[in-house]
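Got a structure for you, written out below as structure tokens; questions coming shortly.
Each chain gets a letter, A, B and C, in the order it is written, and its residues are counted from 1.
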Amino acid sequence: MVEFDHVTKHYDAPVKRKDGKTTRTPGAVNDLSLTVPAGKICVLVGPSGCGKTTSLKMVNRLIEPTGGRILIDGVDAASRDVTELRRSIGYVIQQVGLFPHQTIGDNVATVPRLQGWSKDRLRARSDELLSLVGLDPAKYRDRFPNQLSGGERQRVGVARALAIDPPIMLMDEPFGAVDPIVRDRLQNEFLRLQEELAKTILFVTHDIDEAIKMGDLVAVFRDGGVVEQFGTPAEILANPASEFVARFVGADRGLKRLALSRVSDLDLVQPAIGVVGEDAAGARERAQAAPFGYLLLVDAARRPLGWIPEGAIPASGPLDPALANPVSPSVNKRTTLKDALSMMLDADVQASIVVDRTGAVQGIMTVERVIEMMREGEHGQPFAVVDDEGVPIPGVPDESLVAEAG
Amino acid sequence: MEGQPLVDFDWILSHLDDVVERLVQHVQLSIIPVVLGFLISLFLAIWAVRQPRVYGPVVAISGILYTIPSIAAFALLIPIFGLTLITAVVPLTTYTLLILVRNNASGFAAVPADVLEAAEGMGYTRWERMRRIELPLAVPLMIAGIRLAVVTTIGLATVAAILGDSFGGLGQFITEGLQTFFPTKIYIGAVLSVALAFLADFLIIKAERRLTPWATARAGRV
Amino acid sequence: MPDILGWLLDPINWSGPEGIPSRLIEHLQICLLAVGTATAIGLPVGLYVGHTGRFAGLAINLANIGRAVPSYALMVGILPIALNLAPSVGYDPDLGLTFLPLFLAMTLLAIPPILVATYAGLREVDRDLIEAGRGMGLTERQILGRLEVPLAVPVIIGGFRTSTLQVIATATIGAILSFGGLGRFIIDGLANKDDAMLFAGAVLVTVLALLVDAVLAVVQRVLTPRALRGKPAPRRPSDDDDEDRIDPAMFGVRTVDVSA
């Protein structure tokens, strides 16, 4: 794991004032204390120039702190040999920085080669990594970087960083230089990779959406490397610790939260259901008893056919499909709440039918249920996370939340 | 010279060993300054990369040396070194400096910043970075400089012969042809020096292709 | 060490057709003529090739050839031909003995640097700028005159500078063909084993060259927009694929740098 212990970075020297006191303009990073648990992706997010990249670069000592320490698995990074330190940490940057004069295969094998691996081992490892990031080794290993597209280059960059299987990875806007479609794909693939590899990752981005998507934990930075809030994405969205965080997250944080939850997280409403061919009388009773005033007509396989208003249900006789009105949109349990509500908005309905893989009805999701769920997620004051005395404490993660993230 | 045929091929054929001897002298006279110049300028360029403030003065001095007309430079050294090889080699070397220092420095400057950052971040030491990343990537521009320097030096070496016959080389033919009103010698000297320059140019381009496979591998995306 | 100071201070050497002033004037005359002619030829062609992009390959090849041909070889090479042609074309053979070969050699070799520099300078102008100009309705002439040339001026002057230096040097060598000029002192000094004259001649030529170069350097610097005055080119990211760029320095064109 990686720990920042009162880390500070100043670029200018202190100035002695006339009254004897020394002053200094605030540094790029001021007294940063943060713990990144092992095996998690911790995203450092914030506006340009807030010190997130500077903080990242202090971990592999591309920038040396002027104060404080950075502990890697309990050992002060400053006490380690800098070359050995850097070779043990995976490093991915936005422009990738592949060596133009070396083949892709050689690029990937950079660090192992520096450590003296044999040619065979290098080649095997290089091929293995290329496959891991979705590139066919036979096709790519002898190509040069200038023959690859931006997305392909990014993948190679990630493969290269993984070469010696480092426990820690530093990623500085790694997906920033590609178009949104490619970026989305790369993000998804990387998350899948992380599920397998469980590395400790520090990830810098200025894009709050990326932070929410990628992070197990998110640290929101403001100018001067000050962490305004450190918590899970859900926590940041539901309970921004300050107005800065609320603004940075965006006025649409409600919608962003919806993207984090799925239909499966909801309590579904069970409607009155009638099967085709069944006797109408019993169905009618059920429909009248139910809150909606509608009966959901399904077929033998429990697939929805339509709604019948209770008044239109005949007193007796088999239920006829012709009575049913066209069906509202249906969603499955994996659909995000955001997409589901979007569909409902499109169709101009209040409720959506939830079906399983076979298409059978599971229940109904309603807008009210969604709002209820959102409200349950929020606790405390609108902006601040408070301690026992009610004093807001930004930057300190709630222990229970960290556990929850893990 | 009126009435003389411009080129007497019989003479050339019967004096082939002279021609070859002068050719070899000329090659020697051209290569030594370029090699020396390259080593010096490489050192200067690396220094300039480490200490950017050095670059300005280095270029200024090289520039001044370059501005001095070749024959004057040779003439300036004669009273000091006499008509020895040094008198020819020193100015020829300093002429290459301006071209080579600028191209070498540009070569290093052309290495993309992200490549350097990635190399540093991944744990290359300074030396390794210079040797494995910066130098190889600087090669294209450095070779362009060498090309220019070689061609220029071959040309300037012809002038050395004006000062006397101790340097030899193809310029010698030109001077003798002039003094004895024998056009054949003039043309063998002139044509061969141009041919030599073209040959050198061609060979260096070929060498560059060999050394930079990544630059030629442009064709189409995978 | 030869008594150079004595030679330079001797008034004899400052008077008459063989004195320093007359030689200097001879030197400058032919240089101006050669550079003027070369500019008259090279500049328009360079402007055309640079603006339209056509015949660029030809232009570059021409420059390569120009670099490879030594001036000494060229001028002496022209000599026999000029002499043979003199009677048939009808000019004084003496002209063919000294002035013509030298002048032709100087001019021919002065064209490539100007041409290439003009071409390269124009090519360096941002294509987007030119398109914007076209889009605003500027004619091709106006684009060339108001956009491209002003931006390319520093490089063009660099080519001019290179050419001028080359011409000064070639004129010095021209003394071998019985031409006058400052080179005369060097050649005569060599022939007569007069070290003082030899060295003094070399010094004079050097001073002339340095002075002219310094003046042109100042002109070049003054005409360079502040933003372009530079150090070695800034690092570009590795995905910047600019194949079309030609670095004028590749062709020996003097560009503006920090101190020059």
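As a convention for this text, a residue touches a chain if its C-beta (ideal position, glycine included) is under 8 Å from a C-beta of that chain, and two chains touch if they have at least 3 such contacts.
Here the structure is a predicted model, which is why all the values come from computation and not from measurement.
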_Chain pair whose interface holds the most contacting C-beta pairs_ = B-C
*Select the chain whose centre, defined as the mean of its C-alpha atoms, is least distant from the mean of all protein C-alpha atoms.*
B
*Based on the averaged CA atom positions, which chain is farthest from subunit C?*
A
*asked:* Roughly how far is subunit A from subunit C, centre to centre by C-alpha average, rounded to an integer in Å?
replied: 64
_Where subunit B and subunit C are represented by their mean Cα positions, the distance between them in whole Å_ = 19
_Taking the mean of the CA coordinates per chain, how far is subunit A from subunit B in Å?_
59
*Indicate the residues of subunit C shared as contacts by at least two other chains.*
237-238
*Find every residue in subunit A that makes contact with two or more other chains and list them.*
95-98, 100, 145-146
*Which residues belonging to subunit B are in contact with no fewer than two other chains?*
112, 114-115
*Residues of subunit A that touch subunit B when the two form their complex*: 57, 60, 62, 83-88, 91, 93-102, 110-111, 114, 139-140, 143-149, 152, 157, 160, 170
_Please output the residues of subunit B touching subunit C within their complex, sorted ascending._
1-2, 4, 6, 48, 52, 55-57, 59-60, 63-64, 67-73, 75-76, 78-79, 99, 102-103, 105-106, 108-115, 144, 148, 151-152, 154-156, 158-159, 162-164, 170-171, 174-175, 177-178, 183, 186-187, 189-190, 193-194, 197-198, 201
*Of all residues in subunit B, which touch subunit A in the complex?*
112, 114-125, 128, 133, 136-137, 212-214, 217-222
*Any idea which subunit C residues touch subunit B in the complex?*
1-2, 64, 67-74, 76-77, 79-81, 83-84, 87, 93, 165, 168-169, 172-173, 176-177, 183, 186-187, 189-190, 195, 198-199, 201-203, 205-206, 209-210, 213, 231-238, 240, 247, 249-252, 254, 257-260
